[in-house]
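Okay, so chain A shows up in both of these, paired with chain B first and chain C after.
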Partner chain A sequence: MRRPQPRSRGPDAMVVEVGHYALVLALALSLVLTFIPAWGAHTRDSALMGVARPAAFAMLGFAALAFLALTIAYVDSDFSVLNVVQNSHSSKPLAYKISGVWSNHEGSMLLWVTILALFAGLVAWRGAHMPQRLLAYVLSVQGAIAAAFFLFILLTSNPFARVMPAPFEGEGLNPILQDPGLAIHPPLLYLGYVGFSVAFSFAVGALLEGRIDAVWARFVRPWTLLAWAFLTLGIAMGSYWAYYELGWGGWWFWDPVENASLMPWLAGTALIHSIVVMEKRDALKVWTILLSILAFSLSLIGTFLVRSGVLTSVHSFASDPTRGVFILGILIFFIGGGLTLFAWRAPVLRQGGLFAPISREGALVLNNLFLSAACAAVFIGTLYPLGLEALTGGKISVGAPFFEATFLPLTVPLLLLVPVGQSLAWKRGDLLGVAQRLAAAFALALAGAIVVFAVTRRGPVAAPLGIGLGLWLILGSASEIFNRSHRAGASLAVVLRRAAGLPRSAWGTALAHAGLGVTVIGIAATAWGVERLATMKAGESLDLGPYQVTLEAVVPRNGPDYRETAALLAIRDGDRLVGRVEPGKRTFTGRSMPTSEAGLLTVGLGQVYASVAEIEAGGSVGVRLYWKPWVLFIWLGAVVMAAGGVLSLSDRRARVGAPVRRAAPAAVPAE
Partner chain B sequence: MTRKQRRLTLIGSALAVLAVAAGLILYNLTKTITFFKTPTELAEEGFKPGMRLRIGGLVKEGTLQRGPNQTVHFEVTDTNRSVPVTYQGLLPDLFREGQGVVADGALQPSGEFKADSVLAKHDEKYMPKEVAEALKQQGMWQHTGDKAKEAAPNAAPAAAKPGA
Partner chain C sequence: MRRWLLLALAALALLGSTPAFAVNPDEVLSDPKLEARARALSSELRCLVCQNQSIDDSDAPLARDLRLIVREKLKAGENETQIRTFLVDRYGEFVLLKPTFTPHTVLLWAGPFLVLLAGIGIVWANAKRRTSPTPVSPLTDEERVALDRLDQVG
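This part shows the complex of A and B:
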């Protein structure tokens, strides 16, 4: 497959045609999947409904083939393909040739739709035991979404477009995208975004079928958890990438594109909680359906914001307005259609029962209220400037101060309530009992905050408070596991055995909430961060928090496809050398403008962060230095949260899948 | 609790949370939004010092001065009027004289604009949307030459925002 010369013609040139043709076939199959099973479900024709699963598998096969063909074109540096010319270069390392596939608009849309087809295929695979009518509707909706995006790609963003004559060399990949973090960020994020399409399809399927119950919740829950776990990882990855690659030292900027991924995450977080209420208590049905529609709608809005180029933001690489209008059409069709169907059919659904306010389900309602309010705040802050500009032409910007002042008051009370809600019993909770069970956790968290405050007396007050809150979340989770395993007089061995025997969903919940606590601690610790701006000459030193930083030299050096001027900095703690960082300015082949490369040194869970501002004449450099204690907790917490989600996903009740109650109806042969 | 009381508790708490959220959003919107102004608008409309604004235009050729501790002075122009800007901190990689910038900050009593963040074109192909539009409004689009023409179909920008 690989030869030393980049080339544009040869036997493999067929690969691109095969890929393009596969994409057209995938579109045809998605149309089959949209109409035939839905018609079958409507007329209760079992044969037509039976088309759903094979059509979903075939659609996945052809979408994957198209994606594979584009990947081969990138790996082979086939510069007869316009997309490869614009985004690759034959001297790129293999890993970035592959990640180059989704670093651009066309390729990332192909990845988006391939993942959508993947979820349709997975639902079809796991759906052998599902009621046939529901499965047919669900796969039809997946097919319809896929059809819209296949059309979008083929009509406005064809990654297989050729260029004639083929240039000898590509233009190279935007250097800030050449990074392991960004290589895996889009696939993770899309697995999350697009994963919510399954909940959407199930919601629309339930509305079309006019029937919804706890069993429905049991089918949807694993897909939603899976999407949520990927989205959590994707957001964390994106945040870490922005932190070290953009050279600004911050980890969250309330940039519209970041908000675009935060909104579905907030709605999805609400959804995984409301689904539990539905599964356990057969309540909150209509609300859960609405949330399922909203979570995916927000994913579509996120795709629109990023892909249409309507934003002034670091991520807006796509910029063709015709594409924007097309995606807006898709957006209006699916969100409008979903909500209209909801308004029309939701009254048909049998309402669930009411319940006591002081109970697990009551606490989960509160969770949903706070999360929805926080999501609405982010939504308004993100879209208000766009709406105002569209309506009046006035240009405003809504920045971090708005989001901090609005988002924090809506999330901090929620965080305080998490351990309480987690310990409340279903149906009728006992607040006094909960208070007794949580007293130890609360006392420990408070003690922790006081100790931290005492040690850092001159520091900001927010940090010890935030750390106390984080400890409260972690200890609250630990105490929940302990209380469920411990009985008076039980030996340690018995407690451990009982703890191991708890359902995995209980462990998953505890782990995810503890992960949230870890992230909160990391965020709180940013208040202790130290920032220094300085112009340094070789040999000069300055203090940075507990360390001394010395500029040893400024040297030029070359990488595989860039030239760099690097500042070599030594970090010392007294006489002890802690480590070195080498931030620099890079100029990549084929690009005239330099990019900054930050230097990072991890010390425990904190990091020294250095970036070069300006290389000045006479060997001095302007540098920006940060000491960020415990900063890794922010992303580590997200990984723990996602692990909690996956653990919960592996719970027995999700794995068994086939519920007894509904598998029996005579009209539903299990294919 | 009766059924009715339960229902009322639920609805009441929902309304309370939503009311608080709506209040927070409205209050913070009026307090924290910043308006985008061109140097001409800044001069003609007259703004009180201290009000948060976002300005945009081109960095005027020959005005960039570097002071100690990474303090920089430059003028932002829409080719009609220009406004002096001071900024301390890391400038974006693509900050250059003659290139488009957007700066957030506030006017000082001296008439100088003190910026706390500066955004520039982050890629040689792109230009901040506000700058492109402000230049078009001024009829100065052609004036900026080949680079601007190249940027015209790609008005989507990428920003660099030092400090947060």
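This part shows the complex of A and C:
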């Protein structure tokens, strides 16, 4: 007898089974990838090592097939699949049906492991010229991580589970997640998190092989830069989403879930700097290996913090521990294993490179010290309450005020030093020369801060200093490019030609550091923000910074899958109409909770931000209005930083496999 | 990725069905100085039923109650320390987003700076070890033979 199928379709009803089966095959392939190439590398059997690349490609193929199958189930609104029922609705726009795939635990884990398989496939593709043993070890480690996550998905979080009987309609996606920002935020973030797995695999590969050299650094650097650029964009996207969607206009909340992504970013930032030292000076090798392990460990911890529910409450985690304990097992295996291997094998790696404290490499060590300490501040602040509760039962809160008090003192000195480090020469730097070269940039930045202070006398004192710091970073980067292109007596044409001829990594560094400056300026400018809370009636006006805001009307409206009460606000500058915003309260189909939809008007680089607090009887509404000057600089800077990373990535030197096996002399045999 | 926060928000919004929103216009004190102090203090106090939100940011009814308490007490002339003490007595240390420095939180506050100091120590020790002259080990017999052979070739 046929069971009733509300959305009975033809052969593509099989898609879910195909996806499920592909997932099992991907697990099998990941196990092949884990053991066979590693055994081949151990016994120096070239044929077994040769399995690595095809196995990695096949694993990627089946993981992608599983992911595609789940996506099809979502697009078709196949409500015989539990995951689709819980997170989708047939009336949703197509784009949000697709993003619904990774809006939930099971689907996002599938996305995670698919991206991992993607990176394994990319490494296999670009690795044709890599030393065979190293490649075999690297892909084996990627296979092992993939195997753990395939198992995790199949045993505890299967997105292909069916539901019987199938309901006629899905429960809908949390409306707050139905947003373009959040649709692309998880993939970007995961490309970053999982991208660091490549550095981890290379580190473990180097430890297993017992050798590491500047060529290793050349192979790892592009992957790390790529992961870092994606993570930068992912964090910025998440921050912008929280800014406009959560409705109170903050851009960073020091929420554990945000901190979870900030920690790997800080470690990854330290890593892309230490790898350069290793590549150029053959130094910091052991530290770079450790950082590679730590960056990915923090990515795993980030995944664990968000996915296990341990943040909501230690007790709720303990009462339903299946998933949490599994992830904890993965954490202990990979982090513990990585660190144990490090402790055991690191002494085998020969330390290279003497260096003077006043030099580019010395400055980069300082960079790594500060970034590590800043990362530790975030780590301790995020996990301390969990640890304390688990150990003593005492409950404390660690929130924004703590992080502001510890994180800032550790990052501001670093920011001050960035232009100096960037201008120091390798091996033996000359502080006096650097001071001369940076004098103009410093003077201009200081002048900028003074001008800003003079213009905005009543504002907070720290803000002009912040602007000065941002200018210092931007001008310091510009002067580095100028100094590398300029020679006494050279004509402008010559300088420009030389500047264009500088390596892309030099431009990438300058751009990334300037982007940091742009973000700093945006953050400093938040101090001049204006906030108004008011209850307004139609026709009323109030002042908001340089503008006047008038409530024109309060109207009910209908969207594709929601009802809304919108406040129509006109923004004027004197008599000139600058624009309109229409913040509202929305109630989505199938949800009883109204959500707040902010109204944003971008004026130059600032924004007018309006949200509805309360709809009151008699046509009046409570509104929150903000004028946020230069606020877009915060995220624009992150985009510039990521662009710098990608530019540096495109450098000829960084292209994977460029210096094809410069044979033995560069390699340092360890045993 | 603030899904946990969102779930908590969603749960709260379902519990307390009046859609309140962080600081409401009707809560604002008429004295701007006092209001500024109230805002500063509220941003350091945790909304006890939320995921890591201050009462200044939260739309939960309990957060509203605490905001009103803070403002009433400020109006009555109490200072920040007195209000904090009052709230800690009632709700425990959990209410403070900036934990006080106690034996329980020494590692929390000192930890990041200890990491920095430890790092500086390691770098310094490494630099010292490297600059001190390492004793040159004498040639082994094998190396001597190899050298001799090279000499003969040259």
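Just so we're on the same page, the second predicted complex is superposed on the first by the 639 of 671 C-alpha atoms of A that agree within 3 Å, B and C clash if a C-alpha of one lies under 4 Å from a C-alpha of the other, contacts with A are read in each partner's own complex, and residues count from 1 in each chain.
Everything below uses one rule, namely that a contact is a pair of C-beta atoms (placed from the backbone, for glycine too) under 8 Å apart; a residue touches a chain by one contact, two chains touch by 3 or more.
For clarity, every value in this text was computed on a predicted model and none was experimentally measured.
Superposition of the two complexes onto chain A shows a clash between chain B and chain C.
Contacts of A:401 after superposition: both chain B and chain C are touched. Looking at the shared chain after the overlay, A:559 reaches neither chain B nor chain C. Of the two partner chains, chain C is the only one touched by A:242; chain B is not.
When both complexes are overlaid on chain A, the residue A:177 reaches chain C alone and has no touch with chain B.
Look at A:250: by the touch rule set out above, it reaches both chain B and chain C.
Of the two partner chains placed by the overlay, chain B and chain C both lie in contact with A:365.
In the superposition on chain A, contact is made by A:189 with chain C only, not with chain B. Once chain A of one complex is fitted onto chain A of the other, the partner contacts of A:614 extend to both chain B and chain C.
In the superposition on chain A, A:258 makes contact with chain C only, not with chain B.
In the superposition on chain A, chain A positions 174, 176, 246-248, 250, 253, 309, 311-312, 354, 357, 365, 369-370, 373-374, 376-377, 380-381, 384, 394-402, 405-406, 410, 533-535, 585, 592-594, 596, 611, 613-614, 622, 624 are in contact with chain B in one complex as well as with chain C in the other. Within the complex formed with chain B, the chain A residues making contact are 174, 176, 246-250, 253, 309, 311-320, 354-357, 362, 365-366, 369-370, 373-374, 376-377, 380-381, 384-385, 394-402, 405-406, 409-410, 533-535, 585, 591-596, 611, 613-614, 622, 624. Residue ranges of chain C in contact with chain A, taken from their complex: 1-6, 8, 10, 13-14, 17, 19-26, 28, 43-44, 46, 51-54, 57, 92-99, 104-105, 107-109, 111-113, 115-116, 119-120, 123, 127, 130-131. Interface of chain A with chain C (complex): residues 174, 176-177, 185-186, 189, 238, 242, 246-248, 250, 253-258, 260-261, 306, 309, 311-312, 354, 357, 365, 368-370, 372-374, 376-377, 380-381, 384, 388, 392, 394-402, 405-407, 410, 533-535, 585, 592-594, 596, 611-615, 622-624.
Of all the residues in chain B, the ones that touch chain A in their complex are 1, 3, 6-7, 9-10, 13-14, 17-18, 20-21, 24-25, 28-29, 31-36, 54, 66, 68-70, 88-91, 93-94, 102, 104, 122-124, 128-130, 153-164.
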